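What follows is a set of structures to go through.
The two complexes that follow have chain A in common; it is paired with chain B in the first and with chain C in the second.
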Partner chain A sequence: MKAQQKQIGAPMNRVDGHLKVTGAAKYSAEYELPGLVYAVLVGSTIAKGRLTSIEAKAAERAPGVLAVVTHYNSPKVPGYDTAGKDPSQPATVGGPIKIFNDDKIRFNDQPIAVVVADSWERARYAARLIKAQYAKEAHQTNLEDNKPQAFLPTSAKKNPKSPMADYQRGQADAYKTGAIKIEGEYVIPTEMHHPMEMQSITAHWEAPDRLTLYDKTQGTLATRRDFAKEWGLPEANVKVIATFVGGAFGNALHSWPHESAAIIAAKVVNRPVKLMLTREQMFTQVGYRPYTWQKLGMSATPDGKITAITHESIGQTSTYEEFTESTLAQTRMMYASPNLTTRYRLAALDIGSPIWMRGPGEATGAFALESAMDEMAHLLNLDPLEFRLRNYTDTDPEKNRPWSTKFLKECYKLGADRIGWSNRKLKPGSLRDGEWLVGYGMGVGTFGAHRGGAHASAQLRPDGTVLMQCATTDIGPGTGTAMTQIAADTLGIAPEKITFELGHSDYPQAGTQGGSSTVNSVGPAVQQACLALKDKLRELAGAQNPTFASAKKEDVTLGDKHLSLSSNTAARVPYSDLLKQAGAATVTVEAKPGNEGQQYSMYSFSVHFAEVRVHELTGEVRVSKLVSCADAGTIINEKTAANQMKGGAVGGIGMALMEHARIDDRFGRYVTKDLADYHVPVHADAPNIEVAFVNQPDLKVNALGTKGIGEIATIGVAPAIANAVFNATGKRVRELPITPDKLV
Partner chain B sequence: MNAEPEQASPHDDSRRTFLKQSSVLTAMALVPSPVVTAAAAELDEKVAAAFEKIPLSLKVNGTKHKLQVEPRTTLLDLLREQLHLTGTKKGCDYGQCGACTVHVDGQRVNSCLSFAVMHDGQEITTIEGLAKGDDLHPMQEAFVKHDGFQCGYCTPGQIMSAVACVREGHAGSEGEIREYMSGNICRCGAYSNIVAAIQDVKQGGQKV
Partner chain C sequence: MNQFQYVRATKPQGAIDAVAKDPTAKFIAGGTNLVDLMKRGIMTPQKLVDINRLPLAKIERQDKGLRLGALALNSAVANDALVRQHQPLLALALNAGASPQLRNMATVGGNMLQRTRCSYFYDLTMPCNKREPGSGCGALEGINRMHAIFGASDKCIAVHPSDMSVALVALDATVLVSGPKGDRRIAFADFHRLPGDTPEKDTNLEAGELITAVDIPDGPFTKHVHYQKVRERASYAFALVSTAAALDLDGNTIKAARLAMGGVAHKPWRLTAAEQSLVGQPATEASFRRAAEVAMQGAKAFKHNAYKLKLGPNTIVQALRTAAAA
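Moving on, here comes the complex of A and B:
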């Protein structure tokens, strides 16, 4: 690729593609360290109660075993004494479980021991020799049974303006008095992230007060903060390395018991310890999308104007942490309903804590809202797209602010053309292809275009190459690639000359990769670091050539071996001279958002159109075509962005048709224990997915104009499929997943 | 792993415990005398290892290895933990996800489902052995070109499976590819790009 060619928007191949296709990319369980040993966790077999004894002698005597750590013999973890006592945090919110600290069992498969041995095989064998006795207490693992005990989250009790607080505009519950109304209850079961890389960590105490973690995390700095705190260490003494993360979808946004266990184990044996969860442990210990019950009521005028919506939800949390998510956010701002009520509640169960799963609460809420939109359109005998257009809003009805940008109508047009929406029949069950009933459905998604502060560094080396660093992570979207493209355009050099390093807590600070915020936040830091580097080079060159001193930084041109000016090509300073003294020129900058977020409502938008085929005898549902269109601001890399959209749509297929983590409430234990029981979409379940972007910059979010893709790729997909199933069969399924038993 | 509440069964004691606890007479009747001496001298660790490990020869990516492995060591763990070929991934350990796919004598196999000792004398190819020096295999090239991955963790397994899928003659149509690749899960959902990569290789007619 030639220098100066515009990289932003180009479908560039991933910068780490070669490492990923050759097996050279190293994930957290793949670091060879001298003296490395293996840890296996042992979990409780009850959901609630107390441990009365642990028999570990047989395990301790087993070949190759170095240690068995339980709450009886665990070293004191200094941070446990202060954890949960932060006066700024309300006491009821609690905190992560303190592993090996007491005899209390809070969920089934809670780690009660960790076995360390010189091989996986020996650690695994010894773990099976551990016996525990319990004093069992009655547990609660069913949300439906616990709905009467649902409570307002503490954050809402403390702050009535919290997004978790009850919301009302116009009259409360006004839909109940509407002439044309619908009302329905919707259920999303517990769903599991299940990234292909199971949670793993390699913990290494390099000195008694210096800890290095090779960890699966979406935030190197968040993980560093958590474990520095746990061990009473200065943050500078803890290093977190996550160069490659094998997917996460939210489940590496939290610090989990197995990480604490590996660190404790490494302390005990004084050797680096590697711990990888089993697939079964992935169900119990690293979060999930919580089971959520919702009720939505809506009224409308005969000509299709929504008059009122009430949307209530009860989500699941654990007994020791209050997990909240924005289940009702989309309902408050998507359609121009003058009367609107939302109520969000939690029910605490004896199960480990949930954690945001891709599209998080918004995807859960959108299932109810976008299904209800379809139900109302059907009742009004209106095309669901036309019904949405009649309730389209050009300002945010929740906050009464203008949108920063909103190109949802453009998305509707792009998608409707591509799916062939005109083929859709208003009357359900009208289209068939042999034994298959054919239907079309749509679902809308939105997610805040969040931006946080971020730092990045840029360094020019004498050979004309540039090294950039940032502590951000890349769990799959292609962060390093997008950042390289931004840097290439800003510096005006070929991407091949840029190395973008990430996933290390020692690098310049950036937030956790979550909430579709990475490009919005890190992108501007990269852009500004490149501009600052140009300015620094201009200054350095100015000392040797006065033309540079008076030039503008925008005019600085980075050639192969020398610096020049676009305004004066005769002015040249070779890098070898420029960097003679310092060896390299380095800048680190911070980019922060301004107050745009107070003036504008900033959101990404998406619409998903599905064509499904439902077998009339078996009830099997096949998604035969999916079209996803997004208003996500500027698209940095067309190829990776489209891939991310397709991936989110596949996640939505899983949500709609198969994902369901089931607990046997008698034991409070998951009966879905592996990928044979818990179905996720495979090749045969994924159709060709067509993606289209509006690709209009939103310069209120940042100077690049990006808005974020990760969440809107999934939000709205499940209702699009459910609505298509209704269009095909006339059967409305309000409880996911839509398995054949619900259709025959 | 779970701690069952039942009482310990006789099977729970390890070999080393057995050696430590057996009386000298019983021990002498059951095991060769050097072993008893070793146990008494607390060299039982070595003894346990000697009991547990058996010889194995195999060829991995063209290199011959003479190894001593425990019979319960899977081919996957042997590759990752002892030969440090971490390109082959562990995604479930139950043969349900395909991340650990390697070729054994040219056939695709879930390496987590087979014990290393079952492969004595056989030839294993892992993702690290697919490229010829710096030249990527056409399937690897196609995965890069079509962005057939996101996080990259399932990728080695997808590529090994994809190569086998073409060689087996199961890449005749999009539908056939989807069916014969369904043992390899990609949770990031890059399926349509993977299928495009496989079709590209198949239609390109390059030798795979």
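Moving on, here comes the complex of A and C:
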């Protein structure tokens, strides 16, 4: 029987695939409400200073315009007074910008007005008629210039145990006295998220104290919390709907000015307001991977044992919010170096706040660490894979704890075989394919196997179908599909009988989709909700048939039309009888991690192997082969998991070879403002990416054994490519992206 | 976008009259460049004269050459059997530009008249003499890695982005125009201009003049041709530097050569001296390298585009190599 087939691990098609490819899936910009009007943001044209006047008359008189809101006429937002004091966000200090609250300009393109009109075109037209005058002040938009002012993050000052604090084991900066050592500076420029779907929101005040938001967000509950607070409302009065999210890499992990603007505008015109960001505004309104400078020094013994590493980093933040990320985390735990020092600093610039971008921090840090590993291997005349094996560690050297599981060696083996690592030559510039120099490189990635508490509900309906709900979002990885598979296996019914609803703040609570934590957290809640449902059904059936009353919940079998027991198939209660009184049987459960996280170090691991071709004359780089292998615990869906790995790898290709947001510091403005200037990979840049999983469960993380995939898919890809470029050409590029101008 | 009037022309003369009479009017062909610029408020025509219904889309043989109608689509030209047979270089250059979707909309005339991709031209808040004469050149002291190494002025260092035009200038094409003062023919090399003190003028086309066709004379360049475009990703990006190369070989001896570069100047940059240096030489790496050196004479870099001084000649060598081997 089909229902008995194991779904976990199967390459099941996406449950919402059909909806997505036929256009039936509704994204945040696609909600039409009665009386809906449109809002367009107007941004500042200076990076720092004060607004001295805003000329809005022409815009107000333009056809179809209902309102122009600025700090001169904005209604008071009650929560602005208390904003930024949220103890649940320890990573940041300060708070999101309070728009239309004062005359201060903190970054270029900061919203200074929002225009509301009866059509989007009219709002956009009127927005161009607004003229502002400023008192300019000198701005800082260049991190290199601001390195001397870099500071320790407040979170580290307050808590010396914070992961952002300085770290030392063994002797500080011991590499400096090593006989065999390397030292280098590495730069990652600002990178932009740019998912296919641009951010948009429809804000609807259903009553003066009831707000509904159709919003692009990675966390319906986080968004609800932020805006309930901003407007001084009970959370129950705010509803956030994000049924479909057209890709997000962290850009919807935060509440942004355009969301506040839409809500304010809706209050002013007292009608539902839709605000859609333009591609150009996506560069300035919703965060980015911060420009980061790093310096890494390493020493080793002649036989390839690392003796010391020092890794320092200065990342970019804004003047009003302290953004931090785990740039140095991988360095502290990946290799068994007895002496290790890390120092993390921030430089505050007059640019909007950064935000985590796929593989946040770790991807930046891994570029320096994994490049340095390659540099040291080269210096030692050792194969870089062999060098990594000689420094492999079976316990976490940072926390002195066992790993929950670690199958990185197995990943190395899978990947090395598939890429043909044995073809690699130790001496750079040894391999050629006609005019193309050929090289091989590898890079390792890791990310915490994070798990949080999550709730899920399950309901059996009289027709034998099951409805499950959870407030989590699905930004693209296929959460709904994976959860359906987990539920199908736990309930023992066909996936077609299960509907998994998500992306609504009224559903049972779950965390934000980010940090590769959703399957780890929501998966167990789904599993337990299904078990609880079985138990509930057993109990209900027990009232009609005593055999059920004494049965075990694991024994309960959900047939097409009736409940039975696997030990006693003769015992049957039709659903129609079972649910006669209640109409439906519903359970809601919460699944929480225990204290495993204190006993074990839990991480996902990945390794990426790249084969590149570099043109001898033009310096163009083509990734001709990429193999990504992961130890991500149990793989719930082979197809969507591989899909994640491939997407992450393509992101890594972008990071390595082309992504670069450039600012003209004289104006403090981006000169890369569209996708013609800001390059992301096209199909022709992506080779056929091969993916392999170790697929060993980590039962310390949860009963399903999952560890998370999203971040490790990107972390380590860029250095793999940079190392392959070195192997091909002998040129070491320490400042990404590796564009032809750096290689000719 | 500003408000504008839209009219559809049915006869060339009607289109010319409509635009000649109204200095705020513009022809619109594929719209792939003009509409983008209008959306950003960079171009603000009060009237659009749609020329797509004019009978100017033919690709045909003339006595000693090919005639491309101004409205022939970039994709139609690139896939045309006559073009591929007589002027394969043009097909290569076209296919190196934009994407299939854009080439299905873009026209020959529109492609020649597409405007620069300089970031300062594209940002209304920044100085740009091309967009707003007298406001200064943002790129001169700004981020200029994409900018010109030949023929720039202190008023403008932007480059012309068209790939097609690089092949057309190499192939000695002629532009046919009709205007209020009648018809005239403009050598392709004289069609685009250098910025000088008036960078707001991209070309020598006069107000109200309509491009009707481009003529390409037959030549010996039907086999040994190549368009080498170097860009920051494998496809769908403007050139850092490009080279159109065409060789007429007698055995291994070069009888005639054509060379032009893109991404280096305010106009497609013909390299006549480098062509001359190749004539009579063997088709070898050494000859190509010498020609590339000749080609780069007079090149001048700005803060971020010095790499073009090296990438430029390398691209020429690569284009010639590939052309010779074709």
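Basically, the second predicted complex is superposed on the first by the 734 of 744 C-alpha atoms of A that agree within 3 Å, B and C clash if a C-alpha of one lies under 4 Å from a C-alpha of the other, contacts with A are read in each partner's own complex, and residues count from 1 in each chain.
The definition used in the following text is that a residue touches a chain if its C-beta (ideal position, glycine included) is under 8 Å from a C-beta of that chain, and two chains touch if they have at least 3 such contacts.
Just so you know, these numbers come straight off a predicted model, no measurement behind them.
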**OP:** Using the superposition on chain A described above, determine whether A:Ala25 touches chain B (first), chain C (second), both, or neither.
**Re:** first
Original post:
For A:Thr618, is the partner it touches chain B (first), chain C (second), both, or none of the two (neither)?
Top reply: second
Subject >> First (chain B), second (chain C), both or neither touched by A:Arg14 >> reply: first
**OP:** Scan A:Leu41 for contacts with chain B and chain C and give back first, second, both or neither.
**Re:** first
Original post:
What is the contact status of A:Gly476 with respect to chain B (first) and chain C (second): first, second, both, or neither?
Top reply: first
Original post:
Taking the superposition as given, does A:His139 touch the first partner, chain B, the second, chain C, both, or neither?
Top reply: neither
**OP:** Using the touch definition from the top, say if A:Pro681 reaches chain B (first), chain C (second), both or neither.
**Re:** both
Original post:
Where does A:Arg388 make contact in the superposed view: on chain B (first), on chain C (second), on both, or on neither?
Top reply: neither
**OP:** Tell me which partner A:Arg128 touches in the superposition: chain B (first), chain C (second), both or neither.
**Re:** both
**OP:** Could you figure out whether chain B or chain C reaches more residues of chain A?
**Re:** B
Original post:
Do chain B and chain C land on any of the same chain A residues, and which?
Top reply: 45, 121, 124-125, 128, 674, 676, 681-684
Original post:
Any idea which chain B residues touch chain A in the complex?
Top reply: 1-8, 12-17, 20, 44-45, 48-49, 52, 70, 72-73, 77, 80-81, 84-94, 96-97, 99, 126-128, 130-131, 136, 140, 143-145, 147, 149-156, 159, 174, 177-179, 181-195
Subject >> Complex contacts: residues of chain A adjacent to chain C >> reply: 45, 121, 124-125, 128, 435, 615, 617-620, 622, 657-658, 662, 664, 666-667, 669, 671-674, 676-677, 679, 681-685, 737, 739-742, 744
**OP:** Please give the residue numbers of chain C that touch chain A in the complex, ascending.
**Re:** 1-3, 41, 117, 119-120, 122-123, 125-126, 138, 141-143, 145, 228, 230-238, 240, 307, 310-311, 314-315, 317-318
Subject >> In the complex with chain B, residue positions of chain A that touch it >> reply: 13-14, 16-27, 29-30, 32, 40-45, 54-55, 58, 61-64, 109, 112-113, 119-121, 124-134, 193-198, 244-249, 276, 278-279, 475-478, 639-640, 643-644, 646-651, 674-676, 680-684, 686-689
